[in-house]
């Protein structure tokens, strides 16, 4: 039974979620040292989570002799620098989303860890939610046939920390913050070997006085013909809306990770109220808390997969290559939004090829069967197409 | 108290819904004569609804001396001919969706009734659902601020009648069948005076062996900056999915008209089962019936508005001009799908102009306030932007 | 096509709902005269609904020469007097719930109308909601097998009018106000010929400073063994909770008539807000409006049934006898609550008898089959009981 | 960081859930030896979970030199014997629900562990669901005021193992199997110091050919006036229905742990389908899987609390005394069902006393305020009671 001793880089909201998870339930792993750019925030974080050491020296934290894993929970513009240091130190590195600010930066990061030969995991928690894990397993088992369309949506009223709003530090707006989640969720459903071919994206800045987009919608066309659709917004009202919808040739999947999970509360207010859920807007009226956020948001399964992969020598579900693909799709989205047209996804593809969604049409007495419907009396109604004339007709036949 | 005597053209599913509604509850109006291309279907329809007369002569039905209103429930390719005859007869005409197969056809139809000076109503039932009527009233009253985004979705496993599948008769595939509903729903939310400027659309034929699209997603950009998004499919599994989602600067609206309306039933099967709801796929397992379909789908409020408008000399909520706008948007969608880029909406616009969604940013000590958040201790956290440097910072201040 | 001219007695909330319905959509019926104890309220009501006449003379309203139907929307303590006058006038009478304050009063009212031979309908709107009508039809068609248990729940923060709170005028508290609905809903599901045998009820006054119960829960045992359960409260927070749950030997039905009907809205507030739904508590935060309240709450179908019954000479779905049964069950509930034990329902039963829920047990190789379960590998697992020893065992057999 | 080595007694469904949890995610604890009455089942279980040893000798398993904790996952009739052996071995004991078959048996078990001075935890997983933990914390923080009513419901189509059906081995039917969960959930909401005073219960055997109840509903009156209501059934159709509803003077809580948790799937079937969720009835049509069952059902938080309590020397949330109280309430339920009347709960109460739910009524100009309502125009409507005459009246006043 291996245990890990961890260097945590960053003390923002994501550092809290990560550390709460790593120390949670009956975990055998521990954060040994935390790095923060601010000594004050570092000390507070250390106390909050019962961590042995805190420092403002990033290199020292990374090279700490007792830790074997470094978790990067820093703002986007510091990822490349931090990961470079970890690679040099020869430790396993787990990096928060997005991997880079651009595909080019992500590609350099990927090269760095591949050259160094260190274990690298992409911390894409929303691809590890218990609902997604079970749903993707059902899809792979054929429960909904071929996937034709995936909608992934993440919207809320805007981030909590100042640096998120500064495109110079992040690489963009709501797409870079939220779209990266959606893109990788979509890839898990359509299949990671299904190449994202082109992207069509509309962005706008409708509410906040900022330079980058606070709203975006995009379509991603995959090689199989499947379409991914992401919707991201920093102007949504009502909390955080985290939903996925998957259409297949033989079924449908809907998951709701946040606002409607079977937990509903009305409070007339006046009491202390307290924390409801991440990005909740009110503490009175009808509220929709989430039971165990670190579990529901995927943090628990994510770190289990990462450490298990590390210990057994396999790749984790979410790799730095996945992070690079996500950056490439986001780059295409920005290019499409500017060009006002579809933009190709430019990337070094390692995923092989995926055939077109297709089915051999059924025939009935020489005609193509478009659809079968069960009538209330047990008979079947066929909608048929004449292959020669192209004419359509109805035919009622006795039941199967 | 005026009563209307009606000529019904068409005996398909929509004719059934219309007549059930017209004769429903304590209604004072009656269908006097029904026209069908098939004498057999006409007679069956007549018996089913207790109608006095049935005929296969369309002109005779329209010119019937006792009727004052003609309802067109015919396949798309017959609308222009039928409406021409009604205009000549000088009667009120109510036409099912879509008005035409193209904007050009719709424009000619519009001209015909305007020249003839007859009352003309566009039978867009889904713009009259009780939920939409109340939701749009809330939007107009300011409950969610400025509308920024509307998603309207209609998907099911494909139409019941053969002619729907033949693009030569309808003008297209799932867009012409279902998208027309979504476009007009979106217009009701963003405001009918808000010009649809351009459309970006992706179509594909993924499942059925037909020439036209069985799936489409589109974005409509309106003059205000608001985005409408429609999703239509003939390959959805699980029944009929009819949902709208509206985002505003100060609120959110979600309506579900079919699969989740507060009526859930599990049946182990074996019994006679019976009718569950339009386009339901099963009669065992978990089922989601709709209480009163003609009310929930808007038919009741639609005919009330039409007849009330006729009697009081005002325009109905949904006019032939609206039908024409919908056709123009659909035309743009098809052009966009072909061009693989945004396509302008080409139409004779009568709706005036709508200003850009905009708000004057709040300032705090010379800085732009990006966001205010309430902290658990009652203080407020401001995210601020320095207008000179463009830098972002956090500031915690005491509560309001 | 018959039309009715109506005398409306009462101008409270229920009078508004009734008149809105009677005058709604394309209705052919009209209220001709309204009676109120207060001239001011009468005149306001008259103006609000466009009614020709208003009076403070109840007898004159009832005997108005132009009306053929009298609707009793008065406080409970005035029902007997009003119905007596209508019976004398020989007109049809429709009376709101509950029929009487006690079974004895209801029995006298029933006698009065039966002696006079006038048409009498019990205005139990919640037994006419579109969801209940469809669900009961499914039950009758066998979709869920034999009904074993029905839970009907109506709770809200308390009535709007002062007289509701005065047990001297109403006959009780939350049971008389709300329980009457639940009891009759339950009877529709278990079958009206299924005799209510005994009642077990717990009441308490937990929040409001009143003499009567503000909370009650009761079980009703029917002849078939089915159990009805009603839950009523004047202290519920969050709006009006109107839900029914039905368990059958082969299925389940859940209906939600108010707080979760597929219409969800978040408003940050600040706008005019406006009316959300009956007994809504807030106009900001997450709100759950109802599309068309008069339709969803059953008023539309209720009056259609009443007038159709009147015109065709049949009994309406809800009769004064039903009202009497409801009063008898409520009387038993109060007696049980006092006695702290089950109390028999005392009534003149006209409904015949209903056999015990029963099924002949399946046997397998001489053993009684308790349960069959499908295993993932397609085989079946039987749980068996030895009829001699009474011992239970598992047995896995190949699939059917 | 303490780690535990565990003896697992029993290899049924509950043993699987327990061991999956103990070995789950990054857990540091391990099952060392498993005991089964059947060598075959023991070996299969051992292989399934990667456990070092398996035995059919219960005493040897308990006295295993390497384990410090014994988990009792045996049928009810073996609890007392097993716990006696663990107490003798001086090890910590964790016992599944219900503690005993009767309060008398539970009291003896409690005495045994208290005399031996060993750590004892009651494995009531449903009191550790993430939703319940958060909801109870909100209740304690005052978010819904005083709790007035709690409904806890657990129903499904019947247990998987033969012994559950044999009342001689379990102590009863659905109450003993499922009611124990509900009772303890209710106690967590109303407060564990709130004495259960009396119980009123109705049981029946409506569907299965067994001697014990397959359906039961009960009310539990607590000292504060709060009412607990449990509903249990072995005849529910549609899966497993696990819901709680809590009413308070200032709020409401609804939790749904199974059938509606934000995960919905439609499958046309034909594929391998696979496991959906515990007690799911179908693998086609609309399905409602649960993301991570061991987390959602409380197993993860339960064992964390148990081991943390053990390590820090505090009592766990759920103790053997709680198990004894639950048995006492179940005994009263059975006595009530037989007596057809309320039955007192007989138990040695250690919980102190709880005052009656009460509030000092507000007054306005000498009258008692029954209710305040906000009118659309901003004014307030008061419903007032004259303390002398007992008369009620409305009064509209200007807003606060």
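What to note about this one:
Going in written order, the chains are labelled A, B, C and D, and every chain counts its residues from 1.
The definition used in the following text is that contacts are C-beta pairs under 8 Å (C-beta built on N, C-alpha and C of every residue); 3 or more make two chains touch, one makes a residue touch a chain.
Keep in mind that this is a model prediction, so the values were computed, not measured.
The chains touching chain A as well as chain C are B, D. Set against one another, A-D and B-D show the most C-beta pairs in contact at A-D. As for how the two copies chain B and chain C face one another, over half of their interface residue numbers coincide.
Per-chain Cα centroids separate chain A from chain B by 33 Å.
Between the Cα centres of chain A and chain D there is a gap of 35 Å. One simple way to say how far apart two chains are is to compare their mean CA positions; for chain B and chain D this gives 48 Å. Counting partner chains per residue, chain A shows two or more touched chains at residues 144, 237-238, 250-252, 266-268, 274.
On chain D, the positions that touch chain C within their shared complex are 144, 148-149, 151, 155, 157-158, 160-163, 165-166, 168, 200, 202, 204, 206-211, 215, 217, 219, 221, 225, 227, 229, 231, 233, 235-238, 247-252, 274-275, 340-342, 357, 359, 361, 368, 370-371, 373, 376, 381, 383-385, 390-394. Residue ranges of chain B in contact with chain C, taken from their complex: 1, 3, 25-30, 129-131, 133-135, 137-138, 141-145, 250-257, 260-274, 289, 291-292, 295-296, 300-301, 303-304, 307. Looking at the complex, you find that chain B touches chain D at residues 237-239, 266-268, 281-282, 284-288.
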